[in-house]
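Each of the next two complexes has subunit A plus one more chain, namely subunit B in the first and subunit C in the second.
So, the complex of A and B:
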């Protein structure tokens, strides 16, 4: 098993995803959703897990990316890649505009301003922008999408590989962030912002950067949903879904590289499994979240990580 | 190096520092003494950029710093080590030093670790598992990265075991050869040993400045407290 230590974690995780896709071919849609959702959760994890900023409005940022991609594909162009890039830019623009205002707020105020933004966002796409978003009917544009030279993203099997590539890029960047001084600075802000100022850090700028990363990752994830489904409606930006991001982050293990991925697997896994037996799958997620809060405060990945560390210590008792 | 002139500070409407003036010249160790509630920490927090003054001026290396943010003051070379002795519990000692290096672009840890050799053995230990003395060493080590011109220390020996206080005293004597120090200290014998000049504070005001070395050694400032 020693050779496993030399392989980068993100690579192992991607292999796991690919193996799962071939072991359970009829679950490919589910596996693709895990990849898209985990990118969204990684964004939320930067905010909550690394910087300690709880947001009840992440679906808004998901919706910004999804609607940017959808509006482009429905009215302006045909290239899904351009749609995705525009969505990333839209996430950055939102962070640039709202960031300086929102990140001045702390704790519950930050959480609530995001919840309010999410509610306003839902209202905008349902009412004032009805003519272009088509309200609850949603936007349909799959037939307008054109294949890329390397993938036809309308084909689920090919979209799978595209999602693997995007997840790989995000995972490696995420691991780099976790190990970098920037990641340590984010964690420093969570624990003691005053101490970061003492070291000479502009904590306002750092929180803005972290918020920006969260917006961009949510928008990227939203665009993947939009491209994969070929359809977007306001349910993607429902304020009621804000808890999903927090619960998945908590389940996986907040502030860890792979926590977002494992949290997504746990969250969507329960949703997928339990909903085949009960309509209200949220009950099972609620119970599991309670168990995590009481007994696994570091989440699924945090727990696994501790086991690995213990094993390592036993193997080399210095 | 540092000139504080007629500085007053309030917490909302409650004024706690009244028209304080003091100065620090390069190479000295200036100690501020006073009872609890005298306004010492408030004064240091204001100089460090963590609180805004109501009036007066704070000049550091000839530049007004009274309106700068704390991080800007730190990057100018004035570091304020708070009293709380809190470090980042989830970060290792190495990560703490990396954070200090990243902000100041000073990647040479050797001079700092020479002051606190014990930190070399604690590199992979998390901040939350350090003792009070080790935390204080780490905080000073982080502050020294980037070679600051002036370090403000708020009660560096408070709550430490006597043998750690002795180690800290030796460290202060070593550090003073490289940087100027301004210290709040309640430990009067220690003050007498390290101080070049002493300011006594009472009820938000500077009530005495003791420059005579013999008076400092004889704890003459005690009568102002």
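So, the complex of A and C:
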């Protein structure tokens, strides 16, 4: 097992994804969804796992990215990469504008005001902007997308590799964040914000940065969804889906680098299994959340970590 | 806008305010006393509305529905409190929010399973229209408003005049101190919670004829209820009442001016107020949970 430690963790994850793709070729859309969703969950994990802020409005930021990309592709241009960059910029802009208002609020207020934002977003897309977004019918623009010089993103097999590259970039940046002083400062905010202030940290700015990362990652994930599906409709920003992000974060183990990925795998896997038995997801997601909250508080990744620790202790008796 | 339209809009707004107050008061008290955010309060509201549908369509008596709906909601609240919430008191706020939200999702799932997905109509018990200032307005909305004012007065009397109410108020100040005085704070929690969920169910019964009874009715109401509570300040009963009065009018008079305001207006007002008073209108800075400094 020693040689495994030398290889950076993200590589192992990516190899896992690629192996899974060739082992189960007919599950490729599912694997692509895992990659897109896990980027979204990583964003939420910065908020919840690192800084201890619960947001019930993450679908809003997902929707911002998805609609930015979709509107660009449907009306202005043909290049998916530009759409993705625009989505990232839109996430950053949203964080810049809403950040100062929301970051001042702590805990419950922050969670609820995000839920309200999400409701406003859904409403804006469905009613006042109906002429641009076509409301519930959704925007369709797959035929307008043009191939890049290296990838044709309209083809699922090539989009898979594109998603792998994006996930690789995000994972390495995320691991860097986790090990940097910034990540430590985020954790400090979660543990004791008063003390962080006392030590001279500008916790407002730190929260703002973390919130910005969360927005950008959610927007990036939203744009990937938009590019992959070739259409967008308001169901992507439904406030009811806010629970999904939280459950997946909790399920994986909050505040770890790979927790978000494993949480996504577990959550989407369970959802996929359950949906073959039940048609409605609410009941299943509710029960699942409850079970995770009470019995698996450290998540799948935390659980695995504990197992490894136990084995180590057994192997070297003190 | 004509005078007739304005009068009509204000009366509709009063009806909205009454419902908002009834469903939001439980969240506000629950936060003040038990320090948890009751995301699942709207389950009782939805169940109240569904039992109204069942009772009205089977027996035809709205009064019976009122009693049954309220009692069922209170009983559900009792079950949830003793079985679940007792395990989460004192845990971090995020945890309680996620747990209660999952209760809410489970409730929606059960409702979809029992009553199906389609929206159900309930006919109003009072169809009378009364003339006010040249406009004829529905009496039922005024009755709802009157009931909610009555509830507000009763809650205030209960909290200020009875020894039990005083214990609750002391518990809002400091639950540990109250327990130290030999008062069973757990029982106070349970009773408060049962009353709160009963009120939410009561609001659901009263609102059932005004909106269609549908599985997701609680979700829309949850956002409005939380907007009401945040605007008023978490934990403040007076704040909840005042903000319910404001938001009810924003919804109805606002929609008479520009129709999207009916669902967008409350959020805009809340954002505007939060910008300048982060603790809400009557929230106390420093005491409200989110604000440590």
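Everything that follows uses one rule, which is that the second predicted complex is superposed on the first by the 303 of 318 C-alpha atoms of A that agree within 3 Å, B and C clash if a C-alpha of one lies under 4 Å from a C-alpha of the other, contacts with A are read in each partner's own complex, and residues count from 1 in each chain.
Just so it is clear, a contact is a pair of C-beta atoms (placed from the backbone, for glycine too) under 8 Å apart; a residue touches a chain by one contact, two chains touch by 3 or more.
Given the structure is predicted, the values throughout are model-derived calculations rather than measurements.
Of the two partner chains placed by superposition, subunit B and subunit C are both touched by A:194. Of the two partner chains, subunit C is the only one that A:286 touches; subunit B does not reach it. Of the two partner chains placed by superposition, only subunit C is touched by A:101; subunit B is not. Taking subunit A as the reference chain, the count of touched residues is higher for C when subunit B and subunit C are set side by side.
Of the two partner chains, subunit C is the only one that A:123 touches; subunit B does not reach it. 194 are the residues of subunit A that lie in the contact sets of both subunit B and subunit C, per the superposition on chain A. The residues of subunit A lying in touch with subunit C in their complex are 48, 52, 54, 56, 101, 104-113, 115-117, 119-120, 123-124, 127-128, 193-194, 239-240, 243, 246, 250, 280, 282-290, 293-294. Across the complex, subunit C meets subunit A through its residues 31, 37, 87, 92-95, 97-99, 101-110, 112-113, 216, 219, 223, 226-227, 230, 234, 260, 263-264, 267-268, 270-271, 274-275, 278, 289-293. Interface of subunit A with subunit B (complex): residues 181, 184-185, 187-188, 191-192, 194-203.
Listed in rising order, the residues of subunit B touching subunit A in the complex are 48-50, 69-71, 74-75, 79-82, 86-91, 95, 98-104, 142-143, 146.
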